[in-house]
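Next come two complexes, and both contain subunit A; in the first it sits with subunit B, in the second with subunit C.
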Partner chain A sequence: MSSRPLHRTVVVTDPIGIHTRVAVAVAEIVHRSRSRVKLWVDPAYRAEGTEVIQILGLAAPSGSQVHLEAVGPDAEAVLDALEPVFADFEKQVPCKNSKG
Partner chain B sequence: MQKLQGIAVSPGVAIGEALVIDNEGFRIPRRFVDRDAVVDELQRLEKAIAAAGAEIARNRDAVTQELGEQYGKIFEAHLQMLQGASLRNELEEMISQRHYSPEYAVSRTLRRYAQVLQRVEGSLAERASDIFDIEKRLLKHLLGRRREDIAHLTSPVLVLAHNLTPSETANLDRHFVRGFATEIGGPGSHTAIVAEALEIPAVVGLGAFLNEVSGGDLVILDGDKGLVILQPDEETLAHYRHEAEELRLQAARLEQLRDLPAVTRDGTQILLLGNIEFPYEVEHCVDRGADGIGLYRTEFLYLESGQEPTEEVHFDAYCQVVKAMGDKPVTIRTFDMGADKLVRDGSALDEKNPFLGLRSIRLALRNVPMFRTQLRAVLRASVLGKVQIMFPLISTLLELRQAKLFLKDVMEDLDEHGIPFHREVPVGMMVEVPAAVMMLDQLAAEVDFLSIGTNDLIQYTLAVDRSNSQVVHLYNPTDPAVLKLIQLSIASAERCRVPIGMCGQMSATPANTPLLLGLGLRQFSVPPLVIPEIKNIIRHVTLDECRGISERVLGMESAREINSYLADELRKRIPNVTE
Partner chain C sequence: MKFAEFICPEAIRADLAAVDKEGAIREIVQALQEAGRIQAKEQENIVKAILKREELGSTGIGRGVAVPHTKHSSVDRLIGTVAVSHQGTDFDSLDGESVHLFFLLISPTDRPGDHLRALENISRQLRVDTFCRFLKQAKTPEEIRQLLDEADNHQFGS
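Then we have the complex of A and B:
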């Protein structure tokens, strides 16, 4: 399948920014996918999509632009799934299929 | 490299490894591990991660069951961070490639993540607490029972802490402590007093910085400029190594003055005394040829143990000092602290303005049994050497008379019990309230000696709290108003033929020495560390020169103008002296 990286830029609208639970939600989505995802605000520091600590380490407050890069068979789908996570987290049902 | 500005409270320069004491008294023992220990260290890390992980999982399950999945989520997040491959890779690389100890690697790595978050404005910064939580947990498992006790140091360190309490500093192994740096605190703080006593540099009031530093980091502490430098670059390091060496050489040069008298060039003998707080400091005074102890502060007796000292505790401390000084005078000041320090029954006074409140002699006169206990011990020690008693913060004649009355009362009591004491023990008072200066002719007639306490005199004259960074720039020992009060005090003492000295920081500042001599001061009581330096200046000047300087200064309008003039005058007379 395609190995061309797909890119998308999202704006963090969650009032706190990318906080711990957002980072966990991102990592869970990426874990379930078959693609490799990287995130960055500044290209000098790229977080691995499965690493909560690195995603939190983006230190992205509300309003910042986050670049997503996905490579893999379901790249498009994983980007679609990730996009809403950066919006107001509290207003969503957090992690519907949580493992508990 | 990162330079932090704080308040300089004890001079000198120290370069060394950081020992970070956080709120739980954690410390990171060492930075590097041996090359051949790497495999073992990696295993240790592995075990710690597993143990911390199991602990977090237990917490997660318990919280989930009790409060619901939502709340358990946060522990799930910690677990994922802890067990993520990236953290582990980073830590393993630091240990195997750079030979960092696992503790150091953990603290370094996690603090770096936390810092990034803390720099963000807004509530995201609070998420750093999640990272610190993981750090603490890992450290707990890494250090285990070996969690090192700060009382058992084995190598020199600079102690970095949020704040140091009297019991913490009492427990520190003082042979290995080379400096203090704290986030809070001001010039009169406990940290400042202990640092001065240990003769090590200290900087306080740095603001939050402990997250920026890990135990074992190389740190520079500049107690002259009030700087703490983290991760210094080579150039800065070289500069400070040079400076430290210079200071050492200068101290060695001044050491040679030990047995020479403090006499001006035109032959006037000046009394050069030491200020001490702890009995062990008496050695520092003897080593530097002090003419006696001009100020023995006794507050530590009340603070160190957290309870009211018994007469024997007082007596033992005074004995040590008095015996060590032999035939030289020891001026014991009765306790000089605020009511806030006496929380015996938990009902601490809620004072809106403690510096204008129940403190010092006022507190003594209201706690008579406590005051009498101290006076008894001082009197008993008076037969062992040359003891003098000094009352602090006298602001009215009535207060002085009351204090003397209690003393007389205690004397009668000792007489009744046949306990020996020196009946003619000299009694003096501190001049540190402007009201006392104005009434000094009357006060001086009823004492044997006077000592100007500049710290309080400045604070009360200029209405400045020097621990308040907003107004600390107004706290100037050489403010013309302060100098006028000093001039008045010395004139009163001369009229009444009562000896007058000065203790407090002002008399320990080399640039002020010629000015104070010019104003007529003949007794200086200073921290033992600076005795040689002040003696050196005294030996380089004549009283005529000094009078010329003080006359010039009294015509000046601001502390700024005065300070720059005094610095120039000092440089002219004594090249390469520190100001």
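Then we have the complex of A and C:
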């Protein structure tokens, strides 16, 4: 329950990389959480976890390492929820996005 | 990947008439066909492929921006265009807002990397508020072309 940032590094195994549906899935998970999440491949460009547009700016191909930083009361849980999103998206249950 | 490497200038549209998702996609794909970037016989097939992709989840990614896209075997390199809708288009966007700015992309089936690099450029340029705002306010295709050129030349500080 501390405000200390938690970090995790994940490897993108989706064959396309972080494409639009991956970015949307990340943003939806972060929106539902009570933590602030940032993502980066290169620390010079950090994407806000709620912003699909910024996440697409990572341009992370398959095999790249993405660093996640979460701060907030459910930081551990949100990192746990995010980790599988970067695996092969086609093998996961399709997630139709919703408004809001 | 700079805009000049994938945006077809002749297919840029500054005032879409369509107010719904299918109409907007049809209008933008029509612009690419009129510019000679896709074949007329493939046009309907491409529209259907983009709409099918939208069924998986809207590419209305928030802040008034959408990036409708598909892979298609009839193109041998990434092609795209920009369209502006001043009245706004209902696109079932993530944030519920109407879309005013479209970047439509059609990729070859075997070049996912180019698609990601185009999205990277779009994303990073749109992070610059002035670029995004000026694009949405553009009244003519020529204005949009100039803004894209300026972005390619780092004149927005990205």
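Throughout what follows, the second predicted complex is superposed on the first by the 94 of 100 C-alpha atoms of A that agree within 3 Å, B and C clash if a C-alpha of one lies under 4 Å from a C-alpha of the other, contacts with A are read in each partner's own complex, and residues count from 1 in each chain.
Keep in mind that, in the parts below, a contact is a pair of C-beta atoms (placed from the backbone, for glycine too) under 8 Å apart; a residue touches a chain by one contact, two chains touch by 3 or more.
These numbers come from a predicted model, not from an experiment.
Trainee: Using the touch definition from the top, say if A:Ile16 reaches subunit B (first), subunit C (second), both or neither.
Mentor: In the superposition, A:Ile16 touches subunit B and subunit C alike.
Trainee: For A:Pro73, is the partner it touches subunit B (first), subunit C (second), both, or none of the two (neither)?
Mentor: neither
Trainee: Which subunit A residues are contacted by subunit C in one complex and by subunit B in the other?
Mentor: 15-21, 23-24, 27, 51-54, 56-57, 59-61, 94-95, 100
Trainee: Would you pull the subunit C residues touching subunit A in the complex into a rising list?
Mentor: Per the stated touch rule, the residues are 55-59, 61-63, 65, 67, 69, 92-96, 112-113, 115-117, 119-120, 122-124, 126-127.
Trainee: In their shared complex, at which residues does subunit A touch subunit C?
Mentor: Checking each residue of subunit A against subunit C gives 15-21, 23-24, 27-28, 45, 51-61, 94-97, 99-100.
Trainee: Note which residues of subunit A are touching subunit B in the complex, please.
Mentor: Listed in rising order, the residues of subunit A that touch subunit B are 15-21, 23-24, 27, 48, 50-54, 56-57, 59-62, 94-95, 98, 100.
Trainee: Under the definition above, what is the set of subunit B residues touching subunit A in their complex?
Mentor: Listed in rising order, the residues of subunit B that touch subunit A are 64, 69-70, 72-74, 76-77, 80-81, 84-87, 113, 116-117, 119-124, 127, 130-131.
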